[in-house]
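We just call them A, B, C and D in the order they show up, numbering each chain from 1.
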Amino acid sequence: MSPTLLFLSGLILLGAYCAYRLTTAGAKPSPSQWVTGIVLLGGLILDNLATGMATKGLLICLLPLLSFWILMFFGRNHLPSGGDWIAMIAIGLSLCLSYSIYHQAIGAYESGDEFFYHQSEGNIASFEWIAFTNPDTGERTPWKLGFWIDSLTAIMLMVVAGISFLVHLFSLGYMKGEENYSRYFGYLGIFSFSMLLLVLTDNLFVLYICWELVGVSSFLLIGFFINKDSAAAAAKKAFLTNRVGDLGFAIGLFIVYNNFHTFSIREIFDALANGAMADSPWTLTFMGLGLFCGAVGKSAQFPLHIWLPDAMEGPTPVSALIHAATMVAAGVYLVARLFPVFNDTAFLVIAYIGTFTAIMAATIAITQFDIKRVLAYSTLSQLGYMVAALGVGAYSAALFHLTTHAFFKALLFLCSGSVIHALHHEQDMRNMGGLAGKTKVTFITMLVGTLAISGVPFFSGFYSKDKILAGALEMGMINPHHAIIFIALLLAAGITAFYMFRLIFMTFTGKPRDRHAWEHAHEGPWTMQVPLVVLAILAICSGWTHLGLGGFFQERVVPWGTEAQVATHHADAPTLFTTAAFAQEEGTAVEEHSAHGEAHDEPVANAAAMHEEGHHDVQHTAHVVAMILSILVATSGIILSALTYWERIRVIDPAKCARAMGPVYDLVYNKYYVDEFYARTFYRGLEIVRNVLARFDLRIIDGIVNGAGRVTVFTSGKSGRFDLRVVDRIVDWIAEVCQHYGQRIRRVESGVIQDYALKVGGAFGTMVILWMIVRSFFIGA
Amino acid sequence: MSGLVIITFLPIIAGCILALAPLPNDTVRKASLAVTLAILAISIPLMWNFGEAYRAVSPEVSEAANSPMPFVYETNVKWIETFNINFHIGVDGLSMPFVFLTAFLCPLCILASWGIGEKVRGYFALFLLLEGGMIGTFVALDLFLFYVFWELMLLPMYFLIGIWGGPRKEYAAIKFFLYTLFGSIFLFIAMLVLYWKTGTFSLVELPGHEGLGDLKWWVQIALFLGLYVAFAIKIPAFPFHTWLPDAHVEAPTAISVILAGILLKMGTYAIFRISFPIFPVATAWFCTPLAVLAVINIVYGALCAMAQTDFKKLVAYSSISHMGFVMLGMAVYKEEAMQGAVFQMFNHGCITAMLFLLVGVIYDRAHHRDLAGFGGLVKPMPLYGGYAAFAFFAALGLPGLSGFISESLVFLGAFQEQKLLACIGTLGILLGAAYMLWTYQRVFMGPVNEKYKDYKDMNKIEIASLLPLAVMVLVLGIFPFIFLDMLAPTVSNLLAHLHVGREEYEAMRTAAEQVAMNLHP
Amino acid sequence: MVGLPHFLIVSAILFSIGVFIMITRRHGIMMLMGLELILNAANLNLIAFSRYVETGIRGQTFAIFVIILAAAEAAIALAIILSIYTHSAKINLDELTSMKE
Amino acid sequence: MLTWLGNVASLKYFIGELWLALACCVVLMLPLIPKFRNVRMSWITLTALVFAGICVLRLPTDGGGIFFGMLAIDGLSKFFKIFFVLSTLVVVLMTEVGREVPDFRKPEFYSILLGVLIGAFLAASATDLLMMYLAIELLSLGSYVLAGFSRIEKTSDEASMKYILYGGLSTGAMLFGMSYLYGLTGSTNLIAIREALEANQIHPLVFFVSFLLIMVGIGYKISAVPFHFWAPDVYQGAPTSITAFLSVASKGAGFAAFIRIFYTSFLTLNGEGVWSPVGQLDWRILLSILAIVTMTFGNLAAFGQNNVKRLLAYSGIAHAGYILVGAIALNQAGMQSILFYLLTYLFTNLAAFTVVLILADCNGVEEIEGYKSLGTRSPWLAFCLAVALFSLIGVPPMAGFLGKWFLFAAAVRTLDPWCVAAVVAGLLNSVLSVYYYFRIMKAMYLEKGEEVGPIRTHSTLNWVATAMTLPVLLIIFDGGSLYDWTGRLSQMLLG
């Protein structure tokens, strides 16, 4: 009941605010009021009309696409106020329909209905696309494209559509007056379309399509300030880095198709459950790792994390939507969606990569001064958290964190956008300070977001982070070899609290460092404030077990195929099922898996045993310990931060610390030189190879013999004016050789008749002699 | 008279009339546009009814290996009886799309050539002649006829590049001519040998002809390789590709479009149509080397494209890379890959056509193509920037656009046979994205170059030549089955033939190994 | 006894001398004489063969025709040489090289 | 054993030659009568040619031997006679309109030309060594004179001089070879010679020498390497119409003689249209090497050649090489394809030479330089020349392609390695030849000359060029019937 109420109250709030504006603004309703009206009304109508899930799903994703096309074709010149209202209506309607699905899911959860529970029923719409002959059965089987709507989808829809809507709203104010204003909303439309379809689809191929499409929309939006060099470079970098990950994804898909001859996720799961690929564990591992590569790229995990900080070149609302809340979480969604596909080796890799990213990004975030970059590294770190959670098997914790993170990180970004807006596009924190009084709404909401991300109790982030830490600790307890994961994540949590409060202190407290900017600082229009408030509310309550989503996640967002166990277990252990899932995974993989050696066999055995008897205790202990520890580190992080950056109680000088750290600080400040490393190795290598090859193409393939420039006399007609290097090519070479020998051969035409006679006589004599020789050798003998 | 006959000869006759009739330039332009549109109009119903007609004559999948390859819309007239040469034309799923593609691209190219101001009559007459040659090549079902059309295209092409081309046009034109003529030597010899073995030139009768049964394996392979060289030059496959950058760079825009859009397809089309069905055993022998060459094409072309500074040359090298996908798809015995390969041929035709048209747009304004010389073009020319973005993304295989479908089908099929090669081949996708985006960045993004800030955006004719292609790319990207369903029965038939050949080859190899084992126990 | 071989040897020598003259002499008239030697070598052959091999008159007839043709050829050649001489006052053929590579 | 027709009975098959002989005399004599001084002799010549043509067309293809076995009335001779009449017709038209030959010398010119034509007729049908020798001499003697007919006296005389000495040497050598052949077999009749060669044990060396000596004479006529030296100089120096005549009719006569002598005497027909050499002399290898060398030489030498006539001379050498490929196939198809090729070559080459004549004669242009921007200055002539050049390369759909196709098809059919090698060489050479043919093409279309405005031309010549070009373009549509026709005419009297 509670989320419903929350949502409705939010909408009512919005409506009330609009009504207020309507009365104050004058007789004529403004476009935004029209939008609100149409969205509310249209949502109601569509919700009633579109009774089937499939229709709803289609409408959800196609409406933003429609808005994209309309805006791209007509937005600029033909629509009033750049057509922003079209985008608003489209995403608003999508949000309403998403809510309708979500409402059903929540309703089902509360009433104990099984519809969203048995995800086998989730695959409810399908469309036959292209067909090929299946070599196993010899039948022509079409690729079925459809929607898979289960609890995970429902919650993802809500997150994506909700934040997208709020970002649209925020952008109305933030992007006002920008050139290509309507194109911006068009891009948001294509992004929303692809992201929504990404979470709706039941087909890996379509998922890959959307995967790339969100990449493209990200490219377009990062490069939105298209005439800025840095933006163009960042956009390209983002797309290409993602493409590297996508290559792995693609290869994973090849393996999938090669083994299952289908892309339907359901069919793949069924086949796996029936023991397909049981005898080829390495293939399974490769497949999992390949698919995970996609996640590494999209969720900016090490080593492909380099694009995300640069992506902050885009408009801030975009950073909030794409590069914080939704698109970057797609990687996590992918791993979660394909959870049964990964085997334990893959999971281990996933866990370590996530952990490493979490701690690495957190350390970098301490040293950064660009407000958006700090948030970007924080995003990296949090994504690492989620990935690590999936790696250790804390499935629902990861998705729970994904959701809460989406809210508070979107909030943080929008707040930073508000700050930047207030300071007229100043992003360096060293030039901020003392804004708390000037921009109250922003300050309070940003503080809420910071508390949430820091893991302070009663804020949403606390709950989800706590679950992740608990999962990691469990894993560490079962298998001490991997306890490092827990320790690193714990450390990262502390650092997160530290640098986030550093941000707050540097931005909002103390004396304004740029007096002029400070004086002109102001709060944005209502369109910018409303999203902040809504997100702040969500950042607080979405984690609560009863009023928020906590319970829903615990019980309903579970890996495919584990409902049975969960159903029996969560009656007595409602919070803990992750190990069960993990243990089961390990159990299925235990026989074939020997490559990991002794070290890994042990926990598997342990886990299986534990699953049988006493895992309950472990889980309980882990939960309690993790909670205490996480509160401890968060608190210490905040205190340390305050001591360093809050001018009122400052005792530590950050500059001195930095100097004391010396090379370590430099290393971290320069982001571990990963970019530089890539530039020196891959880019440089590529450059060398391509130049060598291009030259090879010109010189060797195309010009066996050098110095053939003379041929230009023949080929160009106008003597060798052209660059000799360009011209020496094989064809010319032939021409030249022919020309050359032609000249020589022609010299027999001396013009002297005696000469001719001599040559004929010579030829005649030669022939006779040759014939005699040949004859005596071959025939005469 | 069948529609195919009309669309084959209409352009040729119209071209001759245009060449002879002293019409004013503008009338010539309009007349040729009308002719090409008429051809398009005729080809649409042919395309529309094709699926049904083909299914009616197509054998059951289980019998496909033993029955001759079916064709529709056939016309068969005796021509040179002594040699059993017939004027035999018809289409199947392999050729129909390309007949349509030709008919589809030609009006757009006419539009793109609207600005040709020199020797207008000659240009359009030759262009129509070229169209006739191209359609003829795709519909010919007689090897001799095929050869005639194949060579017939060379003549107008030579002049179109040589007269209306860029600064080094003469060089490029003759290089193109020589390369192709050189290649056709092998086709010529192979044709003769085939004829004296079987007594027929019919592409319908030749596959599986009993006269070929006693052809020694090495003769088969030699002929196959000869044909491969002939066709590889057209594709163009490494290392026979060097004519392409030159020809493209020098050719006028519309001719580049035709060259990349249709002529390159003829190489792979001919392999599908001639090499594969007639020499299934040699195909089995050659499929791995072919896949290796394909991957070389992909990666090599992409890397070379990266190093280019000339916009058009870059697109030319990207063509080499993209045709590598086609070759890769051909090299594996998989339905997905083969359909993907044919689909890729079609898509590449549309996408590269767009790219060349786009290059033409800027070349018309700036009169140079140096990538380093542009920058920030989106600002003065937003529409141009938008179309370019669309085309670039289509070329780098963006999902939702048709190129992606074909490339992924190729890889899905290829991976089943050649895992490592397919993985290396995917590098081409990455590199493709790299050079395409880099180009886009250099030309369209970044600070506005002062020199170009007053450029006019695309005019109506330019839009008219690009829009249909964009729509085609988008529609086929979302509904590829429109195309693939048409193709599927033909590909299955071909595959059935090929599989028989492969089994034969495997048996031969096993036998040879047995012998070797016995010799060296 | 003089037999066929003797004739053949003589004719072969004549032929060789004729060719030799044509190769070495620069004077137009001398070359014509070489040509005559070649033709007469053939005549000698023909007649000898007609006497020793065929024992008919075919060879002799042939020879008579050749003599006539040789005369005609010489006449034409002389006329041309004359014409060249009147135009360019040259009689040595190796100087006549306005057309060559 | 064949029955030879007697002298009187033979006459009815000899009317064509008689007509020509009569015309020859009339054309020579008539201007001597003051009243007829100003009559255009070309009309009489043309009439005579047309009459002769009609007579030739009425000839049977199986008339047997006439004049006691001196001449054969068979398909082969009929074909070649048609071929000669056609080419002579064009040459007469070219000469009449052109200004290379001064008007007052035209009667003699035509008279000699008709004489040469009679020689060619005889060469096509001679079945006796004596007749063959006489025919070739008749052909040659006239040609020597004709080559010297140009207004540009110096080069023309020089060409004539070289031609006659070179020709004399070659025919002399051939005669010497013939004498040996006569000695070996005791007969001068070609059929009898073959029978003798088959029956008796023959000294191989002597036979080879005599074969080679005959080859010298034939090779000189068809301008095959290494007997080709005269060709470039003579082609360049002679009047263009005579160059055309030499490159078509004279070469055709050479091939007629070649087929006559080699296929009748040195080969024996065994089985279905397949010949094999007699007397243990497998000269196929020799000839295929000769063919390869000839075409390669011709093409290479044409590279960088700036004089169009000389360039076409080399091209003619190369084409002799291609035709020899048909000859070494040693089968009916090969012979048939030689005839077909010659026919296409006739149209192609005459089309090219007509355009060359127009440029040389009306505009004084013989170098490639002068062909610049011909495409705009005279589109139609440029088109005719382009078609001819494409046909010479052998690009479809020109007639030359079909000709090459049939030639090489016949050679590949034997599957003899030497034949296949020759075919491969021929194809490679076709590609090579693109280089120099396209220099003309490039000049015409791709390059801008200094001179603009239409070139001077003559309507008759335009029509001739058109008449020669159209068949080149159109033969492809019904190449089959033409090929069958040459097939019917490739039957020859073999005994």
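One rule holds in what follows: contacts are C-beta pairs under 8 Å (C-beta built on N, C-alpha and C of every residue); 3 or more make two chains touch, one makes a residue touch a chain.
Please read all numbers here as calculations on a predicted model, not as lab measurements.
Comparing mean CA positions across the assembly, the chain most remote from chain C is A.
A summary of chain positions shows that the Cα centroid lying nearest the centre of all protein Cα atoms is that of chain B.
For this pair, chain B with chain C, the centres built from the Cα atoms lie 65 Å apart.
For the pair chain A and chain D, the distance between C-alpha centroids works out to 78 Å.
One simple way to say how far apart two chains are is to compare their mean CA positions; for chain B and chain D this gives 43 Å. Separating the centre of chain C from that of chain D, both taken as means of CA atoms, is a distance of 26 Å. Of all residues in chain B, those that touch two or more other chains are 170, 174, 178. For chain C, the set of residues that touch two or more other chains comprises 19, 22, 31, 93, 96, 98-101. Each of residues 717, 743, 746, 748-749, 751, 753, 755, 757 in chain A touches at least two other chains. Applying the touch criterion to all chain pairs gives A-B, A-C, A-D, B-D, C-D.
The residues of chain A lying in touch with chain B in their complex are 72, 76, 129-133, 180, 205, 208-213, 216, 219-220, 223, 226-229, 231-233, 235-236, 239-240, 243-244, 247, 250-251, 253-255, 257-258, 686, 689-691, 693-694, 697, 701-702, 712, 715-717, 722, 727, 729-731. On the chain D side of its complex with chain C, the touching residues are 129-130, 133-134, 137, 141, 144-145, 148, 153-155, 157-162, 164-165, 168-169, 172-173, 175-176, 178-180, 182-183, 186-188, 232-233, 236-237, 301, 310.
Of all residues in chain C, only 8, 11, 15, 18-19, 22, 28, 31-32, 35, 38-39, 41-43, 45-46, 48-50, 53-54, 58-59, 61-62, 65-66, 69, 72-73, 76-77, 80-81, 83-84, 87-88, 93, 96, 98-101 touch chain D in the complex they form.
Residues 61, 168, 170-171, 174-175, 178-179, 238-239, 241-243, 300, 303-304, 306-308, 335-336, 339, 376, 378-379, 382, 385-386, 389, 393, 398-400, 404-405, 408, 411-412, 415-416, 419, 422-423, 426-427, 429-430, 433-434, 437-438, 440-441, 444-448, 480-481, 484-485, 488, 492 of chain B are the ones touching chain A in the complex. Against chain D, in their complex, chain A makes its touches with residues 714, 717, 734-735, 738-739, 741-743, 745-746, 748-749, 751, 753, 755-757, 759-760, 763-764, 767-768, 771-772, 775, 779.
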